[in-house]
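Below you'll find the structures, each written out as structure tokens.
In the two assemblies presented below, subunit A is common to both, partnered first by subunit B and then by subunit C.
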Partner chain A sequence: MAATDRATGWWKESRFSPDGWLAALARRSEAIAIPVGALLAGLAAFSLFLFALGKAPAEFYALVYKAAFGTWFSWQNTLSRTAPLLLAALCVALPARLGLVVIGGEGAIVLGGLTCGALAGGLSGFHSTVAIPVLTVAGAAAAGIWVGAVAALRHYRGVNETIASLLTAYIAIALMNHLVEGPLRDPASLNKPSTAPLAAHLRIGDIPGWDVHWGLIVGVLGCLLSWVLIERTTWGFAARIVGGNPRAAQIQGLPLARLILGFTALGGAFAGLAGVFEVAAVHGSANASLAAGYGYTGILIAFLARHNPLAIIPVTILLAGFEASSGLVQRRMDLPDATVLVLQGFTFVAILVSESLYGRFRMFAPERWSLPR
Partner chain B sequence: MNEADIGLWAVPLAILAGAIRVSTPFLFVSLGEVLTERSGRINLGLEGTLVFGAMSGYAVAYLTALPWIGVLAAALAGSLFGLFHGLVCSLPRVNDIAIGIALMLLGTGLAYFFGKPYIQPVAPDLPAINFGWWSDLPQVQVALRVNVLFLIGILLAGLLWWMFRATRIGLLIRVVGDSTDAARAMGLKPAFIRTLATAAGGAFAGVAGAYLSLFYPGSWSEGISSGQGLMAVALVIFARWNPIACFWVAILFGGTGALGPALQSAGIPGGYYLFYAAPYVLTLGLLIATSSPTRAMAGAPGELSISK
Partner chain C sequence: MTFTAPNRRGFLKASAALAGTSALGVLPAASFADGKLTVGFIYVGPRDDFGYNQAHAEGAAAVKAMQGVSVVEEENVSESVDVQKSMESMINFDGASLLFPTSFGYFDPHILEVAPKFPEVRFQHAAGLWQADMHPSNVGSYFGYIGLGQYLNGIVAGHMTASGKLGFVAAKPIPQVLQNINSFLLGARQVNPAITCQVIFTGEWSLAVKEAEATNALADAGCDIITCHVDGPKVVMETAAARGCFICGYHADQTPLAPGKYLTGAEWNWPGVYTRMVQTVIDGGTIPNFDRGGLAEGYIKMSPLGPAVTDAARKHFETTKAEMMKGGFAAYEGPLMDNKGSQILGAGQVFLETDIALESMDYLVEGVIGTTS
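Moving on to the complex of A and B:
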């Protein structure tokens, strides 16, 4: 039937044709509808969880909205948590496009921050227009090399990158603790061993008129640039081929090593920037606060965004909002601070389960519209 | 405490004590991971399972005043997490590594969520056997106070080794782990067997957590795990998926973990955190030495995603 329709031609004119605008819309909407549906399912499951404990889910979400997005003040609170998460998510998303599951972003953040804290003392004699870029690039480079090494191990030695990145993250944190408590310790930091505080002119300030540091702009730019790189450049196209089928990519003569190392190191460099901003804009010196778990939340964000750098921005704002509202929810609803962790866990599981739904829905597959059910 | 001065002998003694005390959770969680991985799946969520096991074990032991009931509760909770992992991974296109990471988050989150009221109360400890009765030195006595779970862990390691080698169940798990196609051809249901193996592995991780909260360090707190559940994944690779080797590697990891504090208490300064990182460096070195881009690691189950 469908074949004859197609042959007579009217089918092509119809908006139900596989070439029509409706079909194009349907194909594109699967990539949005399923993750959004999964996110809502995760939130619904979490609502049931709260309900079972005798708490009102509606009150919870109302409080989250109020504390995270209700006023300009709460928006700033949310946005100030967004910067490190954007950059940490890129550390997972970029390698993931080549099929690598790298989960060591926490180590990259720590190393970037540590490099910044360690070099700041030597650079305090320079003007801030020289010193701050040097610190930023150094932190990003150190983290990029650190995470890039994991990709090198993967490519040249076949070492599993997930395990290796996890191990190197632990090693980076131990290295930071060792240096901060030993050789790099500022004798004046008594309760919390830290490196010497950054000189005032080396601190990175807030965006004028906002109570949010410059890391937010850098994070958003990082996401936009990564999107352009992946979706609009030859390099990104090659990377996507590698992610789809590494062997085909190799047969095509694509520079596999350079792509894998380059993208992973770039992801690491972004996470390193997060560490630099944590030190230069938030804490003022490198210490154990660097390992605050941003790297792990970044994994969740990247998966929720399905490793699309553009989608990372709204997902991060949402999750940063949940974290920003944690305090108010604790006080008002008498819930423990781990509530946000549980919520993250629910949404994470939901989004992963939704992976098995792709291609299952007829409405997203115009080729099957004309087929009998 | 009246400690006799035994000088630098305190260092090897403390390492021995640490190896025995610290290795038990490593042993249990790695045995659980071996069981899961031999069936062809990897469960990175054992860290969350372990933390939840520590919380549930402690809470139940406190409420019932019976530490062994706590261990049972932890095993049950752990098997539920494992069962969930197994069932979800049986769906098409669901990545076992990613689900593991999600369950790590969910397990720790739930443990902290429900564990808040149990941080203060004191639960009864698991019993220990004094193998150091022959010595007058308090350090030796402390070092040789061995928990019953350590001995059970040794037995379990032997039992699993025998199971994989000589029993029908062991063979089924190995077939499923080495080739899904071969298992299907034999009329087996790979997803079903893997789910059961993951559930059993989760129970082991739960017991490992209960050991942490009920014996050493012996109380529930949010920082109770220092990543033992994650290390187990590395440990299993180190042990080449062999349960007996898991025991020796667990002892090794326990010993290196105890090296830093031992040197510190003997008055040798510095490097504490570097020693803390020793097991990670060791594992990474071993991974680099034995991996190859052209073939799977020796001894690795054929269907395992991390070695394919």
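Moving on to the complex of A and C:
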């Protein structure tokens, strides 16, 4: 029957044609339907977990909604947690497009912040329009070089970039601790060793009318620019080829070293920016609080977003919302703080498992609509 | 009734049914606005860490038992924008009007950032950081002279040590910690001036692996009594007891971890301090912006002496404790040298427990084996 239809070709003119608008919609919706379905499945599984604890899932989700998105304060809470995570996620997502699993974003954040804190003293004589850009670029550059070095180890010496990036993150944190407790320590910071506080005119403020600092805008711009870079430029195209098959890319004459180092360093630079904002907009000086774990949450986000910079934005807002709700859930439902981590774990596993579902559903593959079941 | 093999559709139906039932399990939300005083507590780590956070959580539990007060708590809140949002969330969602953000690093910039936005809310912080000319008037500081507790630990340890070598696992070489190390040794030297104390810094407030390594290293070096200043002493206590050492506690009562090996411990008495402060607010009074005290003022207390403590040690401990209860005790008496040979106090000079010079301590006294950098 189907074979006859194909022979007569009636379907070519209909909206069921592989070239029709419905087909185009079907193809596009796979990338949304599968992760959203996986997310819902993860939430459903987490409901069972809550049942096992004797807690009501509906109350839980109502509280999460209220604390994360229910009021203007909730949105500001969520968005102020979003800012550093966007940039941290890019540190994982960009190298991942070239096939590198870089998980050392925490080190890049720490180093970016440390650079900002260290240089701020020397720049306090300059006007903020000069000093702030210099601090920002310096922080980003330091972190970019640090993470870029991991890519260099990988490319030139064959060192596993995952392990190297994680270990260099520990080194960065140790370096920061050493410097803020030693040479860079502000003598006035007795019980919490820190660099000297940034002069008031070097502090980065909030977005007017919001209780969220400018890092949010920079993070969103970073994601948009990264998306354009990867999806709409020849550099990005070349990077994706490297991600697909580095050997083939090399044979094609693509500049493998420049691509791998460049994209990884760019990712590191974004994470470094997150550190600069932590120091210039939140803490006011560099100290051990810089290692707050954003780099590790960034890994989770990048994987959930399948390393797509545009998808990083909604995924980050969702995860930041989960984190924003952690407190209210603890207080109202008497659940341990790890509850939100368990929730993140459930959604993470569900989305990873869903990776295997791509291409499995007929409804997203118009080419197969006319084939016999 | 027929049974069919499980298939994907059946599974989906079952999951949907489960999710549906879960939505029905709504519990009535607790009322938080019934004219009661709501007090919020925020901890940097888990509230059952046998240490810093548990000591505060015990204070919160005592407040919870008071009439006309409801308590909200959050644990594992990092010293970042997280704590700012947790404070605001407690104020906005729970109507909290008295907050105890307990970690040292919460003060600057986080409490200082949030407090001016909520002039009707009182922020109480555990450290001596508040300064009248610089900080908002709705912020207060309180702290206890817990070095005296370590001095008493030292007296018991001085009697109980066979090797004459004590061990101290310390987080960071900051004044608070150095004071505890020095006080511990000076207490022991009241018994025998030849006793030494070896110190190992782990570099972090909470780093279980390094704490265990440090404890083992001290035991290997012949130390037979070990104490510590890290956020959660559990690992140090258990490891030391397993190595056959006696232990002196810190922050909270660690007796349950090794009842036979536990000698005594320097504990915060937050239940006493917090109920007093909350009662002041209930009675319509004002908590002083700057408050501190020692044993006499009920700020600190000692764990019950363990079964191994000898009569001589008990007697010495009790006499010195009685001396401290009179107030104005001096653990630091001249002549006193640091362990690099510089003079700290000349003959006849003393540092009283209230002496401001103790708060910028940057040396280890003679007899302590270790360096501050």
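Following the convention adopted for this analysis, the second predicted complex is superposed on the first by the 364 of 373 C-alpha atoms of A that agree within 3 Å, B and C clash if a C-alpha of one lies under 4 Å from a C-alpha of the other, contacts with A are read in each partner's own complex, and residues count from 1 in each chain.
We adopt the following convention: a contact is a pair of C-beta atoms (placed from the backbone, for glycine too) under 8 Å apart; a residue touches a chain by one contact, two chains touch by 3 or more.
Every value quoted in this text rests on a predicted model; they were computed, and no experiment measured them.
Superposition model on subunit A: subunit B and subunit C are shown in a clashing arrangement. Once chain A of one complex is fitted onto chain A of the other, the partner contacts of A:237 are absent, as it touches neither subunit B nor subunit C.
By the touch criterion stated above, A:51 is placed in contact with subunit C alone, subunit B being left untouched. When the two complexes are overlaid on their common chain A, residue A:182 makes contact with subunit B and with subunit C alike.
In the superposition on chain A, A:349 contacts subunit B only, with no contact to subunit C. Once chain A of one complex is fitted onto chain A of the other, the partner contacts of A:361 are absent, as it touches neither subunit B nor subunit C.
Once chain A of one complex is fitted onto chain A of the other, the partner contacts of A:171 are limited to subunit B, with no touch recorded for subunit C.
Residue contacts after overlaying the shared chain place A:303 against subunit B, while subunit C stays out of touching range. By the touch criterion defined above, A:162 lies against subunit B but remains apart from subunit C after alignment on the C-alpha atoms of chain A. Note on the chain A alignment: of 92-100, 164-172 or 218-226, the part of subunit B that runs into subunit C is 218-226.
Counting contacts by the rule stated earlier, residues 174, 177, 181-182, 336-338 of subunit A appear in both its interface with subunit B and its interface with subunit C. For subunit A in complex with subunit C, the residues that touch the partner chain are 41, 44, 47-48, 50-51, 56-59, 62, 66-67, 71, 73, 77, 80-81, 174, 177, 181-182, 190-193, 278, 282-284, 287-289, 292-293, 323-324, 326-328, 330-332, 336-338.
Considering their complex, residues 44, 88, 91-95, 97-99, 101-103, 105-113, 116, 227, 230, 233-234, 237, 270-274, 276-277, 280-281, 283-284, 287-288, 291-294, 306-307 of subunit B touch subunit A.
Listed in rising order, the residues of subunit A touching subunit B in the complex are 101, 103, 153, 155-160, 162-164, 166-168, 170-171, 174-175, 177-178, 181-182, 296, 299-300, 303, 335-346, 348-349, 352-353, 355-356, 358. Put simply, subunit C touches subunit A in their complex at residues 15, 18-19, 22-27, 29-30, 46, 72-82, 84-86, 88-90, 92-94, 104-105, 108-109, 127, 172-176, 203-204, 359-360, 373.
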